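Chain IDs A, B and C follow the sequence of writing; residue 1 opens each chain.
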């Protein structure tokens, strides 16, 4: 069995982190699938999906780390192609990755207690995002 | 068809790398599924799953790289929240990611000869871990 | 239903980026599966799979970023094990990851318009690669 859902988010960009765990859980519940996998995917090249403990400290540490690894104030070749100045956003997204697949068992997502499924918006402007949730199993 | 298994590990943390390829293969064999996908997931926010050639050199290079990118001796905002001093562990885990999905064909995991499925424990203390293996297919 | 396909590539290494979106789409079409997931996997430890906007600027920015994060001209312990001098290739591959899972709906892969599925070859020599595509669903 396969069921698809969308998660809509209004984002501000610049590394903003969204805890989407509850919405992923809701999708699994709605699907009626009790055993299988759930995939979360961002159909766009300036956002990433991973897990993190969603608490105020790490919500500052993570953007600071990415600013150190992939500075936003450095010129990138991408910026010459489009002039939109978000080369750093694309590179951060390619590094973190657009997709997460997690186990579903006994009707719930088997994440850790202090581990949340998060979407990170790396773009340099506000956007309307729709993430795609796919639940597959039996 | 969907089958779930657990892999139990006693870990020391600090970037220790575990080759879990054989245990993933065993789960696939036990499931009887010959064609599909296998997902490996760590239900916790201070460990990561990826693949690497599991040999002594890279087992030193990988922790050294992560120490360079995300130093353990730097103060993080996370450490102010909980006082457990493992902000660096959380950041490394979010970067590497908690999940890997690999193909199953002819009853085996289709990884490369020199490519092992590994769990990396980034925490700053010993732990008992249980990884979740989900085999789905036919 | 599960269907497997291979994508063959002749690669030059050193961070070369291949847009494999069309080949992944073709596999999905061939499978006849209209709703589910598609997994792309590299069975080897010196290549990575992610998504990026495949345009000339980022095709220079991405290798430059990885050269900064994981320099190729630095000695690694791995190089002492095998003497093949590609320690940096293995580390880049472990960081980006060997696998991507994306949603399939209405018979197509639900990636963004400016988001391509890419294979990055990090090795330090030309190779013949076969990537594995697994389409699962109904």
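Everything that follows uses one rule, which is that contacts are C-beta pairs under 8 Å (C-beta built on N, C-alpha and C of every residue); 3 or more make two chains touch, one makes a residue touch a chain.
These figures come from a predicted structure and were not determined experimentally.
Asker: Taking all residue numbers used at the subunit B/subunit C interface, answer same if over half belong to both copies and different if under half do.
Answerer: different
Asker: Just send me the rotation angle from a CA overlay of subunit A on subunit C, rounded to the nearest 5 degrees.
Answerer: Rotation angle between the two copies comes out at 120 degrees.
Asker: How big is the gap, in whole Å, between where the Cα atoms of subunit B centre and where those of subunit C centre?
Answerer: 19
Asker: Of all the residues in subunit C, which ones touch at least 2 other chains?
Answerer: Residues 37, 69, 95, 97, 101, 136 of subunit C each touch two or more of the other chains.
Asker: Would you tell me which residues of subunit A are touching subunit C in their complex?
Answerer: Residues 1-2, 4, 37, 39, 41-45, 69-70, 76-82, 87, 90-91, 93-95, 97-99, 101, 132, 134, 136 of subunit A touch subunit C in their complex.
Asker: List the residues on subunit A that touch subunit B in their complex, please.
Answerer: 35-37, 50-53, 55-58, 60-62, 65, 69, 95-97, 100-105, 110-112, 114-116, 136-138
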